[in-house]
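As written, the chain order gives the labels A, B, C and D, with residue 1 at the start of each chain.
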Amino acid sequence: MKTITTGILGAGRIGRLHGDNILRMNGVALKAVADPYADFESWPGAAVATGEDPDLVLSDDAIEAVLICSPTPTHADFIERAAVAGKHVFCEKPIDLDPDRIRRTLATVKEAGVKLQVGFNRRFDPTFARVKKAVADGEIGDIHLVKITSRDPEAPPADYVASSGGIFLDMTIHDFDMVRFLSGAEIVEVHAYGAVLIDPEIGNAGDVDTAMTTMRLSNGALAVIENSRQAVYGYDQRVEVFGSKGSAEAFNEVPAQVRLSTSEGISTENPLYFFLERYQASFISELETFFACVRDDKAPPVDGRDGLMSVVAGLAATRSRAVNRPVVVESPGEMP
Amino acid sequence: MKTITTGILGAGRIGRLHGDNILRMNGVALKAVADPYADFESWPGAAVATGEDPDLVLSDDAIEAVLICSPTPTHADFIERAAVAGKHVFCEKPIDLDPDRIRRTLATVKEAGVKLQVGFNRRFDPTFARVKKAVADGEIGDIHLVKITSRDPEAPPADYVASSGGIFLDMTIHDFDMVRFLSGAEIVEVHAYGAVLIDPEIGNAGDVDTAMTTMRLSNGALAVIENSRQAVYGYDQRVEVFGSKGSAEAFNEVPAQVRLSTSEGISTENPLYFFLERYQASFISELETFFACVRDDKAPPVDGRDGLMSVVAGLAATRSRAVNRPVVVESPGEMP
Amino acid sequence: MKTITTGILGAGRIGRLHGDNILRMNGVALKAVADPYADFESWPGAAVATGEDPDLVLSDDAIEAVLICSPTPTHADFIERAAVAGKHVFCEKPIDLDPDRIRRTLATVKEAGVKLQVGFNRRFDPTFARVKKAVADGEIGDIHLVKITSRDPEAPPADYVASSGGIFLDMTIHDFDMVRFLSGAEIVEVHAYGAVLIDPEIGNAGDVDTAMTTMRLSNGALAVIENSRQAVYGYDQRVEVFGSKGSAEAFNEVPAQVRLSTSEGISTENPLYFFLERYQASFISELETFFACVRDDKAPPVDGRDGLMSVVAGLAATRSRAVNRPVVVESPGEMP
Amino acid sequence: MKTITTGILGAGRIGRLHGDNILRMNGVALKAVADPYADFESWPGAAVATGEDPDLVLSDDAIEAVLICSPTPTHADFIERAAVAGKHVFCEKPIDLDPDRIRRTLATVKEAGVKLQVGFNRRFDPTFARVKKAVADGEIGDIHLVKITSRDPEAPPADYVASSGGIFLDMTIHDFDMVRFLSGAEIVEVHAYGAVLIDPEIGNAGDVDTAMTTMRLSNGALAVIENSRQAVYGYDQRVEVFGSKGSAEAFNEVPAQVRLSTSEGISTENPLYFFLERYQASFISELETFFACVRDDKAPPVDGRDGLMSVVAGLAATRSRAVNRPVVVESPGEMP
């Protein structure tokens, strides 16, 4: 198996996670990691070059594939620079918050002829993948309804919220992608209700912490995404797809398959609390898929269009909440 | 225990169900049943007078309490006649589809000083009552979100649909009441999406068979009701209330607590298919409650205001779908 | 439908339960109840004769069917007297604790040509009946293992224990019948371990409160029954049948299908605590079956042989525990 | 963190599994693997010496810790040679099938002052560990009953069975260890029933494929282990511990937390089929624990006494089945 030489831009929490996973992967070599702010003391190991300058990765001709794990405002620029340098790109979501900027970036990627995969890792979760399979195999017939429950265990700090683009672009964006993934259809119209019920500071920052977003899909089905920034019992990630032949549901993962029965009640374990734990398998699988696409010259299953469509859905939801009426989701336009 | 002499108007499916339940109840005597179309051959037994004329019930001074189980267009008139005759009234939902007509009826009831209970039986289901208790006892803190899944096993005939008032007044009305019951709040604004995905004839009749209705509640919480006219795996009736301290969920009832494990998979029983089976306990409990209120001179827990508010919510949802924008729910006005 | 006139001997808890159920049944009339110790003030109603003398029931020619709900030592005698009087008999378990006495009783029943059903109500429970159906329909193939968990919520008083015949004849007897019912095979050998872990007084009374009984069945399969007199979380009644094609399991019933999720854990309802609640449906169903057999002249599905075999299994287990080695279960002998 | 240099004896399925896990572990270096029959083409990588001769591992002074993954008859000898060479030892179960041989081996280990951990990996499974925690923390009070369901997905070939020592020493041995682990007590007496229900060849080889083993424990509690060589629906590994304050149960792991609802039923995923998948986390955790004990000079949590006691329990069960009466389990004697 051919070894793919790789570099990482951005060594924060997610960059380091990907790096650790790559170090344990067969057929992939991590050559360089660039981050102006990272603490490289305990990571990533002697054989890997580290430094502040992105050129450590972008200008190294031996590096074939780049993982972009830096802050959102840098994504589009780094994608373009990597593409122009002939490197395949895996980029964390979102590509950018401006659809036109995304389109320009995708045009550059297309021109360069490199591969681009966007980090919608949840598609690679074994549980959600099984629901997708039920849909794809026709086990539940034609799709009528998609329902997503997506609740974080703890609200982020209000100052993070202020720079996040808002709940629909920061949190719901994953769920929009899941609706598209599970239904195999596009989101054509969105209506969103929001409320500030958890942290008034989130409201002061102009955002909401609780949201209920409904959608019409291009295949005629309806969908709903329900979000909360704080589920005190743990990270709550469930989906249901309902169709003409039945329903497929995904439940939460727990750390142990245990039940306690006492006079106080019958209890089971809380869901895994932290997204890195909950989605551990998906983070490995999305990278293995990306590297397999690079190796075998195949199109990545989560592409630029997916990156674009989740953003335009998030923008439509943001606007819908602001004006309190349904908003038509921008069509992808002529995709590069 | 004092025996309450009772009569029934309307001996269709639901009237007969209530009658059968009364015949097994202590402290309640069924004296007369009136229905111009009923087949009384096998029911209700020798000691009960039967006939076509509603006066068999309404003009019998010995009858203290009347159950109105006739078609919707007769409800308001029968309530008023029973009230004027000094009889306590249990009436199936809805009181009427016209809020003004409902208000006039409630005024008559008030003037007569009789009791009126509306047939929102689901409030008396042990499972939903347990969720309500979790809310009322503060087990899940302040309410943030209410979610209702309400799917019938089979779509009704299109001609029934044509005269039903539409899905929001025929089917969702129960769910609006459940939102109000569980949250303890009023519905202040509604947005509804609908689709025809099951039976084109339902679309031809001007209705939808699939709907997604979102709401703002008076306590700031959000709610969603999701409806389908056809869930091939059985009657699907679930709720979830999510709050600052946790979540309370209600699941479907099954006919047997059994699991089969074979090489084909691990399977459990389909939910109870028929609403009369699913809600059997609630039908008995709502009548026992009604008769207890009559006996003890207490206010019924599901009253005229509840009957009115579910209808105005249904009308708002109907209009929201038609105009595709959120619609403010009419306030109850000065309640009689 | 022909009405069957019925009498009850013994108006304790179980006699009263059956009586209440009969009063709500179509096609069955309760004419007399005899019990020297019962309080008939609030029960069974004006139309039913009550008194101390069993002849009130046994000597009334209009009574076709008798329910024997009196203490165990009276069962065999009452069965014989009812049979000789030409009455069909439903008798609570056990018929007697002496197999020879049982055989003589069954011979009398046979000679009289009346029907006898023994009160192993759990066979009529919808959940256990569904497991039986899985076995009977071949859904799980040839039977290899039967497992029964049977735990009471609370230990009986030690003085009850002293006169109960011991745990294997008082409690496990139901489970022996369940093993036979589910497997369709006879118990051929038993080994039992017992322990006193809950109440030392039970030990002082010569009994155990915790037991583990294993068995060989006539079809080559193995079985285990595990008993405890005290499960603090509620009445625990589960079975599993495992075979060449899979497994069928029965779980506990709960009062509400509810789940609470909080930071403390995910909890569901405790099992129904009381056996009258848990097996409510089965008590009605076993009587309906008995009366249908009388009406249609069919053999009751739980007969004298079933009554005998559960007792001989209980005796074998009692002896096995005493001598601490496996004990062969007495064969039914030439059944009357 | 100090790096521990390690060698492996035996590169079959389990040796290779451990080797792969070590290669991904921090603080452990794999220096040599010896196996006369292994195919080293694709494994274990360039930096590791491989060969047929065990001295490649045993005579290398740089190797501090040895994993013994070779066939059972070699275990005791390799443990002794490694111990004499001053190496810490992790050995797959069983140490030997002869308790005296085990005792001599343990004496050698003691004399050498090295650490010995036995490969009862299931103790390290997160689910079983959670049950143990419930017991240890007193959540379920005093232990009354332990129940273990242990069913393999597929029967091994009959020729494997012939040399396996029989089901009680090959398969139940893990469950005996689990009984001891969960209860914190010793097994004092065993009774075992066995049957040949799956493969007659297993019977011809003198073994059984289905077994029901009951036990008395040193704390007065009772236990049962139920084994089958073939559960067609997957690897079935469940435990329940029942005590004075409640019950703790462990259920099977599934590959995806998914439920499908169709008109055919409600279905979930089959349990993980293969033990290497099911116990993946435990294999990593047991080694991490072993290396931590070596590094920190602590006593391994699964020691020689654990290795001995599971074997004497297995021998007692084997004998009990042969003579069909309860057999007292040999006491550990004076442990080295």
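As a working rule, a residue touches a chain if its C-beta (ideal position, glycine included) is under 8 Å from a C-beta of that chain, and two chains touch if they have at least 3 such contacts.
Remember, it's a predicted structure, so these values are computed and weren't measured experimentally.
Of all chains in the assembly, those touching subunit C and also subunit D are A, B. Placing every chain at the mean of its C-alpha atoms, the farthest one from subunit C is found to be A. Taking B-D and B-C together, the pair of chains sharing more C-beta contacts is B-C. Between the Cα centres of subunit A and subunit B there is a gap of 42 Å. Work out the mean CA point of subunit B and of subunit C, and you get 40 Å between them.
The mean-CA centres of subunit B and subunit D are about 58 angstrom from one another, to the nearest whole unit. Within subunit B, the positions touching two or more other chains are listed as 231-233, 236, 245-247, 261-263, 269.
Interface of subunit C with subunit A (complex): residues 231-234, 236, 261-263, 265-271.
Across the interface of their complex, subunit D is touched by residues 142, 144-145, 147, 149, 151, 191, 193, 195, 197-198, 210-212, 214-216, 220-224, 226, 228, 230-233, 236, 242, 244-247, 324-326 of subunit C.
Those residues of subunit B that touch subunit C in the complex are listed here as 24, 126-127, 129-131, 134, 139-140, 245-253, 255-263, 269.
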